[in-house]
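Listed next: structures, encoded as structure tokens.
Shared chain: chain A. Partners: chain B in the first complex, chain C in the second.
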Partner chain A sequence: MRRILIGTLVLALFGGALAQQIRIMGYGGQDPAILVRLLDDVIGAELAAEGITLSYEPLEGDFNAALFNALSAGTAADIFYIPVETAPGIIATGKVLALDGLIDTDAFIDTLVEAYTVDGSVYGIAKDFNTLAIFYNLDLFEEAGVEVPNETDTWETFADKLRGVAALDDDVYGACFPAGFDRFGAFAFATGWQTFDDGGATNLLDPAFVEAVTWYTDLVREGVAIQPSDIGQGWTGGCFATDNVAVAIEGAWMLGFLRNEAPNLQYGSTFMPIGPSGERGNFLYTVAYGINTDSPNRDAAVRVLEALTSPAAQQWVLEEGLAIPSRTELADNPFFLEETAEAQANATVFRGAADGNVLGFQFGNIGTDWMTPVNDALVAIMTGQASVDDALTEAQRDLNALLDRAR
Partner chain B sequence: MATPSSVTLTTREQRAFEHWQARRRWARAGLIYALMLLFAIVFVGPLMFAAISSLRTDPLEYPPSVVIPQLQPSNWSAAARLGLAGNGDRWFGGFAPGAVVPFEIAYFVPAGVDVVEPEVEVPRRRPGAGLGAVLAIEFAADYASVSALERRPDVPMTVDTDDGVIEGRKVGFAFTISYEGEGPEIDRLPLDVTAVVGMRYLESTLTASRLERRGRTASFNNVAPGVLGYVLRNYVRVFSEVRSPATRQSLFLAWIGNSFSYAAVRIVVTLLIASMAGYALARLRFRGRELIFMLVLFSQMVPLQVLFISNYLVLRDGIVTIGGFTLSSLWGYPGGMLNSLTGLVFVTALNAGAVFIMKQFFESIPREVEEAAMIDGASHWRRYWNVVLPMARPALGALTILTFQGAWNDFFWPFIVLTSPENVKTLPIGLLSFRNTYGAVGDWGLILAGAVMSAIPVIILFVVFQRYFMEGVSFGGGKE
Partner chain C sequence: MKTKRVDAVAAYLFLSPFLILLGIFFVYATGRAVYFSFTDYDLFRPPNWVGLRNYVALFNDALFLSALRNSILFAVIVTVIQTFLALVMASVLNQKVRGIGFFRAAFYMPSITSSVVITLIFLWMFQRRGLINYLNETLQRSLPILLAFVLVVVAVQVAQVAWERRRSLPATWTDPALLVVSLLVAGGATWLLVTTGVLSPRDVPPVDFIWLQTRDTIPSGAPFWLAVPIPLAAIMIQNVFTTIPTFMLMYLAALQDVPKSHYEAASIDGANATQQFFRITIPSVAPVTFLVLTLSMIGTLQMFDQVAIFGDAAPLRSVVTLAYFVYNRMFPGAQTPEVGFAAAGAMFLAVLTLAVVLLQRRLVRSEGY
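Up next is the complex of A and B:
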């Protein structure tokens, strides 16, 4: 009996010490190192004073699969990442705490908050984000004697500029256009088209969508743009680093790559060109912190979430050149006003979130599978295997089957 | 007595026959060797290509070439000289106070184009991705000063191009980069040399890492690299850039250490348990012997995936007994054994296949040997430890190698058990984290270097102990 008593006592003491231990599950890669430095440099002391310690558990490999496993096994951490592309599915599990009344969401960029809003409740606070911007190679434009892209460009003037540079040489191209909705979609949004209509259906045969597909693929078939794989590259950033491609349409994640692979590339950046609707289109790529409904330390978790997304933490992340903050107030940060190409690119990407038809990179409950039929259609059109109408009709049929199955 | 002519004739015939035989032998040997070479190339080719690519500045270079600057002896000697000048270290180089690094660069200037002195700059260049981007580092740019350029005498030369021969001259420039005053020792000294349009980069003390800005800028990752720092740049980066942000310890070294200790412990535990169990099952007569053997075999038949959730839960929670006392406390892990090598060994040490191999081997040893020991009064333990086990050396050798190879390459269990912190991982899991960190930004050189290094122990093991591998296969296969 005494042994049981001591055991329970030990357990209680042990449990008490653990009460302020908050676990975070997120991406592997460099994120664990960033958190360690963030704790050391900014928020660690403050949290420690309140008796809260953090432990970060990186999920290497397929994050979404690992997170769903952890959620169903009951081993998910107190705080976990919610990638925007799978957010609706993760929130639908009911394991994510609604943050209404717990955290002030007004301070964050509206479109980011919307991406994590389901039925009027907010379930995640974006830790950082990215949008697409036009990056252009200054040397190439100068050599071709063509004016660099700017924020007044429409699809037509933008394409003309690309044609001008591509005329320079046989192995010079205006742009790399991957056959993927994850980049092309931004152009589709510029026509006013939306991934899902009010009834939750997707219409790929909408004239607006067809127009965007035609414009995008025609540039490839014309030889002005090229698919990355055709010049031995895996992605648009790789194309851009070869010095033979005039523009890249990517997010700020390309900056670190350029720093390593093409440190002297002279580039500038501007907003996406204005589409037929008179607006630009853009994607919002982001990942948010969410709180586990089953967390035994909910109050401490909320406190940690506040600290992680606090102005001080976000400013540090921005100034270290690691990511773009999700708070509106950081728009005026002096970092964005620096003369360097990197700072300007970051500012363009930051402001891109509030300019035109900006939609989260998400596809309802089916996640990124949504893109497969569309990507197949883009490949078929770009390589000349099918006409725009035929390819889109087939893609619509495949997509309907996919959506029906998910219902 | 044969006539001289007939003797020469038969000798000639004899010789012709011998020649024909020799030719056939050589032809046959040649064919077999050609086939073996072909197989070797087919199988070793990808590995070789990966090894060469891991040395490259841009592993994705397209079209790929086998002749790369890193494999040119002229660059080796230059790298050694520059390393000595930069840090007094011909192997790893660096940039230390008092250094004066001499450098030369030459351009081809077509006739009619004016020569303009190129701009020389030591850039502030930090790693763009991965852990290197997160850690704070010192920049050579803050301490380096570049001397005035000294123009070398022009040398007339011509260049063949698609549009015909271009007349012109070779123009060279020399300068030094010095580290004045006090300061820290810095790993690398990057350099950019930018010329005007029209001047074409020809050569430099060290071949440029890349040409940028449409050929205008010759960019060097490190102009004081030392031989190893130059040829094995990606390998050096694996150790220097991939560090734990908390302790600054090299993660890769930690992963290698973990992999070795995991393999070593598993070998010892497997040998001990498998040989004891094998001996018992082969020699001792007791009730339920057959059943136990069947159970051992059965555990071999159940797929790993079926058992892993229950085993995982045991590792996570320990086995809870009365009063909150957990079984894992016995090993000093009251909070469960996740993220520890002990836990990993715990779930992987029992290997039914090994027990099976040992049992088969012990059955092949003549009983008479043990009976002789029994007459001398040896106990079971003595017979096992002093008589049979020494005789089982070939089987133990084979088992050691197979276990090492299995443990070194083991992915599934380490992936589940070892997740955090970074320095608790084994090499295969570390390589996965490499892929996530560096693959996303196209830094394949670093990943290839890590992968090649992780393959080396197994390759050495295989080359040295080939014979045992074969024996391992035959022990498992046949019953003598």
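Up next is the complex of A and C:
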């Protein structure tokens, strides 16, 4: 009896001394619930055995503002999310630990590692990623007697298919095209255009970019595509769920939304259409885990980072339909071969990352501010307030001012 | 002597909770912000003194100039409109009518509703296919019917008053009892005209006025400092709607103190309702007007939340205000925060607000109140 008591006491003492609390800061929304389930189902027991406990702190609202504040005040967690679009700025604060020699980055998809590499050092391990795919409403295409989009579609054939469905009724549209570079950019890349040239400058007046803008906005001017806000929706997914819009161009994040909001919608998915360059264009969206340089439990944080991005954890994330894993070894996962619409969409999104001109959703050290002038130009053109040339000339001027300030 | 000192100590002790809070969150924070406005601080590297460079940079920044223009136009236009309308509404609510309590509560509702919720609702109403464009279109379509209705009302009213006067009965042109009859007759007549197909709604093209996603201004093509961006006008409408009730309440309190005898004397002298409003009501509530003007000026100069919620729905340059500019530079897209620059903007806003209020005090004082 006494021995047991002493044993318990010793265990409690040592356990208390060894137990390390690792804090993680990330998005709000559904992420806290996902992490709790990931812990319960997959990695929690293993970490607990090593004396590591996790706590998740969601930063609601403006994630970047909250994270910069926390990093500056010294209250940031041991591990935090680094969104790819703001990664250069966050890494530039000097508060992100270089992971060289701490984590084996070879097992992860190259482009994802590159997005977090600055001056040869890797600062974040992508937790998962997404690209854009075409989701199409099977019923609408059938009703219109139009063949559904497929991977051989070019911009012209794709637009013709949308026209065919839009002709069904005044309330039916071929697609929702938001006036935002975060979706439109994929079409710009399909012309071979790049966000930055070798000198770090952006050329919006490049004929290739003008061609993409003209194609994208003409479909809206023509009435084949429509801006989401014009039918009372906040995003393309919302448009698609109304059953009145033939295609949506979104990533795998839309699957969960459709499951909840439009469970009876029959849909399929395929790759982005082939652009004038003969290639598709696509964005690579990702979020990584980074480690705080000031973390008092650095070794435990590295251990947690490994567990969070382990094959077991990624398999779970994939099978739950949450995101596409960032490990190369999961490419041949049997899950991708299942016959369901969701599994096929996931496979499309996964393969989209390696098909054509795929660029990270990243804008150097000016971050998402880069998109503001471009988005303003898209709106002005779509609403008929400015010609393509005028709008892009003005956007180029604003963008140059922005880039000059950041230098 | 001794008790006096004890009293003083006691007073300071009672004041201390407030003084400490004020010291930390106001005096210290302001001092830091003033210091940062002269440095290149970015939250992560130690600040370097740069003198007036941030302030010079402000006036070379296109976004700041837009913000300055927007803030000033917003403050002036909104303050004038909402002060006047608050007074009018308060006068209306100051009547002794059955059920006035309901109207007081109803008119006050916008002020106690969350500004975020109202902004979201207005965002919907201002969409290209939103309620405002729809109402506009409906109005244009039914213009012939409305016009016919008004014409019949006027005709019947004129006929009735003429009839009464021929019988040597006193009747004013707006006699309420006769007006009710005129309205009923006009309603019936219009209904008859529409059902028989004599009158029908006009065919008008759908109204597609872009409230939000535009860089256009009112008046279109006006010089930079006088051009109100259309999305800013949308925020003005919304802001007037939400803040009128608070000021209306202040005016209502003031109006209850205006002696009834003034109005009675005026009506004996033959002053009509409009004359009474301008000659008695407005001068009597002048001190409250100063309070309302000051609060409204400060509130509108520092307007932030509605711009923040509008977010991507309108081009930043068309809606940015000084307060939002400060936030935008403090937390830019993804760059390191420009704390020094943002602090300089904040200092400018503080000085501007102070100057406007002092100027206004001097102006209102000089009129003798």
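Please note the rule applied: the second predicted complex is superposed on the first by the 389 of 407 C-alpha atoms of A that agree within 3 Å, B and C clash if a C-alpha of one lies under 4 Å from a C-alpha of the other, contacts with A are read in each partner's own complex, and residues count from 1 in each chain.
Criterion: a residue touches a chain if its C-beta (ideal position, glycine included) is under 8 Å from a C-beta of that chain, and two chains touch if they have at least 3 such contacts.
Quick caveat: nothing in here was measured; it's all calculated off a predicted structure.
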| item | value |
| --- | --- |
| Superposition on chain A - do chain B and chain C clash or fit | clash |
| Partner chain in contact with A:Thr368 - chain B first, chain C second, else both or neither | second |
| First, second, both or neither for A:Gly232, with chain B first and chain C second | both |
| Chain B versus chain C as contact partner of A:Thr86, first or second or both or neither | second |
| Partner chain in contact with A:Ala401 - chain B first, chain C second, else both or neither | second |
| Touching partner for A:Asn64 - first (chain B), second (chain C), both, neither | second |
| Partner chain in contact with A:Asp243 - chain B first, chain C second, else both or neither | first |
| Touched partner set for A:Phe196, first chain B, second chain C, both or neither | neither |
| Where chain B runs into chain C (options 296-304, 368-376 or 404-412) | 296-304 |
| Touching both chain B and chain C, residues of chain A | 231-232 |
| Chain A-touching residues of chain C, taken from the complex the two chains share | 43-44, 62, 124, 127-129, 210, 212-216, 312-313, 315-317, 330-337 |
| Contact footprint of chain A on chain B as seen in their complex | 58, 60, 62-63, 123, 125-131, 133-135, 190, 192, 194, 197, 210, 212-214, 216-217, 219, 244-246, 316, 322-325, 415, 419-422, 429, 432-433, 436-437, 440-443 |
| Chain A residues within the chain B interface of the complex | 3-4, 6-8, 10-11, 27-30, 32-34, 36-37, 55-61, 75, 139-140, 143, 231-235, 237-238, 243, 253, 255-266, 320-322 |
| Chain C-facing residues of chain A, complex | 62, 64-65, 68-69, 71-72, 85-90, 92-95, 179-180, 227, 229-232, 363, 365-370, 372, 375-376, 379-380, 383, 385, 398, 401, 406 |
